[in-house]
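A, B, C, D and E label the chains in the order they appear, each numbered from 1.
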Amino acid sequence: MMAYLTPAVRNVLSWYDGERPGVKASLARMLMHGRTGGSGKLVILPVDQGFEHGPARSFAANPPAYDPHYHFELAIDAGLSAFAAPLGLLAAGANRYAGEIPLILKANNANGLGTVKDEAITGTVRDALELGCSAVGYTIYPGSDRQYDMFEEVRAGAAEAKANGLAVVVWAYPRGGQLDARAETALDVVAYGAHIAALLGAHIIKVKPPTSYIAEPEAQQAYASGDYARLHDRIAHVVQTAFDGHRIVIFSGGPARDDATILEEIRDIHRGGGHGSIVGRNAFQRPRGEALELLGKIIDVHLEGND
Amino acid sequence: MMAYLTPAVRNVLSWYDGERPGVKASLARMLMHGRTGGSGKLVILPVDQGFEHGPARSFAANPPAYDPHYHFELAIDAGLSAFAAPLGLLAAGANRYAGEIPLILKANNANGLGTVKDEAITGTVRDALELGCSAVGYTIYPGSDRQYDMFEEVRAGAAEAKANGLAVVVWAYPRGGQLDARAETALDVVAYGAHIAALLGAHIIKVKPPTSYIAEPEAQQAYASGDYARLHDRIAHVVQTAFDGHRIVIFSGGPARDDATILEEIRDIHRGGGHGSIVGRNAFQRPRGEALELLGKIIDVHLEGND
Amino acid sequence: MMAYLTPAVRNVLSWYDGERPGVKASLARMLMHGRTGGSGKLVILPVDQGFEHGPARSFAANPPAYDPHYHFELAIDAGLSAFAAPLGLLAAGANRYAGEIPLILKANNANGLGTVKDEAITGTVRDALELGCSAVGYTIYPGSDRQYDMFEEVRAGAAEAKANGLAVVVWAYPRGGQLDARAETALDVVAYGAHIAALLGAHIIKVKPPTSYIAEPEAQQAYASGDYARLHDRIAHVVQTAFDGHRIVIFSGGPARDDATILEEIRDIHRGGGHGSIVGRNAFQRPRGEALELLGKIIDVHLEGND
Amino acid sequence: MMAYLTPAVRNVLSWYDGERPGVKASLARMLMHGRTGGSGKLVILPVDQGFEHGPARSFAANPPAYDPHYHFELAIDAGLSAFAAPLGLLAAGANRYAGEIPLILKANNANGLGTVKDEAITGTVRDALELGCSAVGYTIYPGSDRQYDMFEEVRAGAAEAKANGLAVVVWAYPRGGQLDARAETALDVVAYGAHIAALLGAHIIKVKPPTSYIAEPEAQQAYASGDYARLHDRIAHVVQTAFDGHRIVIFSGGPARDDATILEEIRDIHRGGGHGSIVGRNAFQRPRGEALELLGKIIDVHLEGND
Amino acid sequence: MMAYLTPAVRNVLSWYDGERPGVKASLARMLMHGRTGGSGKLVILPVDQGFEHGPARSFAANPPAYDPHYHFELAIDAGLSAFAAPLGLLAAGANRYAGEIPLILKANNANGLGTVKDEAITGTVRDALELGCSAVGYTIYPGSDRQYDMFEEVRAGAAEAKANGLAVVVWAYPRGGQLDARAETALDVVAYGAHIAALLGAHIIKVKPPTSYIAEPEAQQAYASGDYARLHDRIAHVVQTAFDGHRIVIFSGGPARDDATILEEIRDIHRGGGHGSIVGRNAFQRPRGEALELLGKIIDVHLEGND
């Protein structure tokens, strides 16, 4: 047999031993696609900013991005691994770009106009299957008053997704409860979020790069002997808490910043063993040419040391 | 083949590429009906004021309007695109006027006597199908404490509607949460509501004409470079936030006013690229003759430049 | 064909054009039964006072009324149109009196011991069918914090009832929210409740006779030009708000009072175009003989001018 | 035919005219069992104290009662009509004692450690059928903030029970809402609870013996003309409010007390027309021999005047 | 027949008389496995600390424990009876170690970042069956405001588990409501939790070793005559409250402590008739060699007096 999958991808799939073949095939589809295809790394374009922050705050800086097709083509032309978006946005291009790039249905969403820390289920596994997606994605807010409802929604959605051969992505964003704003990106809290995502059965976990702050008094001791001053060590810790590096953990880039800062962070993610990046605002809030250039450089970093 | 659909309607349908044929046929039924038929524009009569404000406040100014049949005949005789109403009102004429005009079941409703910012589901897709409707419609209140429940109700209803070949209309009325009364019609907020409706999978989005006020502090910068002093530019912005003009966005007229003011606003909607109007109180709160005259003029404006 | 239905009943049924044949047959069963049979009017005995106010407050004044059979026989012997009661009470006589009188299952109920303005669903359409009922009935509290839940329960119950050929009765009792005790019987508020019941799809609407008070500031103007000093004009207005008189609207009599007062009110209901009466406490809180006499007189009033 | 059922039992069954044959058979099974078998009276052992008050408070006074089998054997050896307990306790002996005594699954339970006035559904009709029960039992708290949820749970459970030939027992314990501790056993309130249980469709109603206190101001008048100083008259009133004596109403004995007091109360229950007793703590919180003796005397009282 | 089951195991199974054969077989699988196999005792490794306390607090002391496989191998190599963990962790090794050790799906979980005393359902009976588990486990918080929801979730899960031949484990942790921190381990409260677990139908009950504190004022009297100064007497009392010793009750070890203290406590559990231990942090928060040594000693204690 002439193997299609690379050893790096086979290695990643081995972490999901026991999972259904259809799920492995969906993971492989994303891992083999685009410029990082075969390397075991993922670079994903997510476009749910319009739901979270509103359209003008998301797209006014680069008006062509008001068009859903813009994002499909940006992800395709940049050679990304997958494109993630809410139901309406995905449905606006799923037929036109069918087969061009793996899709992830972002199945729950929050709205910045309200004050309740929760999300609405806005898409289903059935929707994802009809749109030809490879995965469904859910945000959880560990710590919030609604966290248990959110976990139960993920549980139900993930079970249905897996039974239908879809991969499951979890955006782990601790907030609410005992957590203030600074705690949301604290090392212990980000790691806690990643671990919960893994325990809930996520195949791919998306978190923010953590700061060196330790938020929980009870966790101080556990971090006392380690050195977490450098980002790549913090990245390595978060990856470790996701089943000792046996779950795909990818990191977001946060608000739009200058390229040097972004790429330095990506290098730390790569050095710390992160499995890729999810780049939204830094991709679509600049002109297409500049976006393609930055995404190219991000991919290059994730491919360093890869042959 | 002698095409029945006009190029303008074919263009609109192209925005819904990938949608089920039955849904496209339902959209086409409304787009080909009445005096705006074939132009790509819609003018709709909605009669849910009785639920929202009570019967006397809605119909005392024009007592024949207490009769459900009055509204069916008004919409038919004015050559409108569709008639939208709650279950009981639609059911009171659906048989008698079957086939005369496309119907939209307004499937959730609120009641002005209470204080909770929410709506009740008062009709189902099954009801809409039995009544011969072309679409179901839902109101959402982005920002309210119940918004996520409302989004989930729309999600469930829209999925069932689409699977049964019905179009989905969303009335996007931000309110509650961080929004005061002035914010409800602010440009950024109206645009946000339209965008969320699109992301939820609405085919037709109904919003209020926005003021030039920007309510969200975080959104100020996104609007800083634009000029939104004129209504038609604001209309154009809202249409842009609905997938770059690739969703049907129609505008309401608000409380009863003098004709000149109404028609000037309609002209701005038309000039800004709005896809039509939904005219309730300005239609049924005046004598039938005057209503037909005003609706005729509104249609004329929406047909300007159309051959 | 020798028509069984009278022209008056045919006229009433014509208001429900488009409704399923089974529903029309159930309406006809009530409209053709008892002494008002054929006249288009209804006089109904409701016995849910025990649930709402407790047994002694309901029946101590006339102890034989503790027995469910008493009420069946009272309704039958008085020649009423139908008998309405909660599940347990109906079930206690449904077999013994099967076929003697149309039954209405009062499917939700409230309890005076608590403080929450809501009702429990205590019966189902399935129960109603098993008991041989012609209709199911629901109370709604427009304005209360639970109103939307109640509307959704009515919606679901009504849809199932209609699909099974049962008629739907709605007791519209505005309360809670912005409404104080005086507002509950205000003309605008009672009319609002009747209109919502019609919009929810009720076939028969039960309200209280309204006072001349207008509770909503926003509604003052709508009532400014009318003269509502006399009860029969208020009755006519409420009937008008129920689809311009095309829904059966019946009125309750309130607490036990002297016969002259009651009959004067009934005359106003009749003169205002009300379609009948629902008489509870004034029927079962007096000795059987007196009750039959009063009910006879009430029926006489509703038959005035009828041949 | 040599009739198995006695005239007394046939009489009781006649109250449930129209009920399914399977339900009548289940009622008959309890009414024909044990020493009161055939008399139309019931004496039942309930053991849910462990759930309500904890194990030591329930069983430390008589340690053999920690064993579930103890209760089965106590009920059997005392010649009782039925044994009622929560799921786990019934399941611990249902097989061993299958067929020895009718069983009642107490299907909801509360826990004294918490502060919320509600109960959890801890068993189902399906469980009851698997365990070979003759009935399911539910507690309701008329007046509490959760009362409508509880009523709806009873409604659903009772409907399923009846459809499967099981009888329905309701423990009516008014509390919460407008009721203080004294009101919970007030005559008007206990009667109200019994009446609601009947309206909800209970076949057997269990209440506490009422005091002569009248708690509701609105109910004072209804009780003004009666004389309720003696317990047996209060018992008779409660029985009257349960469909004029056409529902089985049984009374609990409350906390452990001296035998003379207990038996005097039983005599009043018997004299007032109560249909039996449900004796928990007074049965299992004393040595087995003493318990058998007291239960024997209780049965004797209920059989007085019976041949 | 050459019996496979030992007399001790047969005796334990006899407590579950009437339970389905599949459930007995699942219980037998755990009771016959590992070094305590055949003795009637259980020693279980639970790894849900990562969900409850976060990954670093759980595993930083012994980093190999970040890897799910570590725990499977620890449990296997120590000769334990079963391994219990949340869905994601079990799924990470269930295929690789299929058949090596009985598995328990911990089907609900709480997260230390929040403030709400509840748990999320994170796994289902269907999941447990797919993973080849012998049991499902649920935590309950008797006393908390959510306790009744939790009981109902256990009820539903347990019924489905039993119908599918799985055993049911309940972790009974009273908290919330009237209970302060000290009360959570009070003798009366721990016993109450164990009793409720039994009443809910648990086959295996897991509690904490109780202190001699009596928390409930109403329970003082019930404990007044007993002597509960020594732990083994308190253990014996808790076992007694679980159906007089006819349910498997196992005890947790609490936070990591020195071995002498741990083993002394285990000896008291053994002496008091406890049916085994569930050892988490004391097992995986130390180097593997030391863990195997301690677990070996714990097993030795539980086997004392056993031949």
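The rule is short, and it goes like this: a residue touches a chain if its C-beta (ideal position, glycine included) is under 8 Å from a C-beta of that chain, and two chains touch if they have at least 3 such contacts.
Just so it is clear, the model here is predicted, and its values are computed rather than measured.
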Practice task
Show which chains lie in contact with subunit A and also with subunit C.
Solution key: B
Handout entry: Centre-of-Cα separation between subunit C and subunit B, whole angstrom
Key = 36
Practice task
Starting from the mean Cα coordinates of subunit A and subunit D, work out the distance between those two points in Å.
Solution key: 58
Fill in the blank from the handout: Check: subunit C positions touching at least 2 other chains come out as none
Problem - Going round from subunit A, first to subunit B: chain order - result: A, B, C, D, E
Handout entry: Residue numbers on subunit D that touch subunit E, as the complex places them
Key = 50-51, 53-57, 59-61, 63-64, 66-68, 70, 86-89, 91-96, 109-116, 118-124, 126-127
Handout entry: subunit B-facing residues of subunit C, complex
Key = 15, 17-19, 142-145, 147-149, 151-152, 155, 159, 174, 176-179, 188-189, 191-192, 194-196, 198-202, 216, 218-219, 221-223, 225-226, 237, 240-241, 243-244, 246
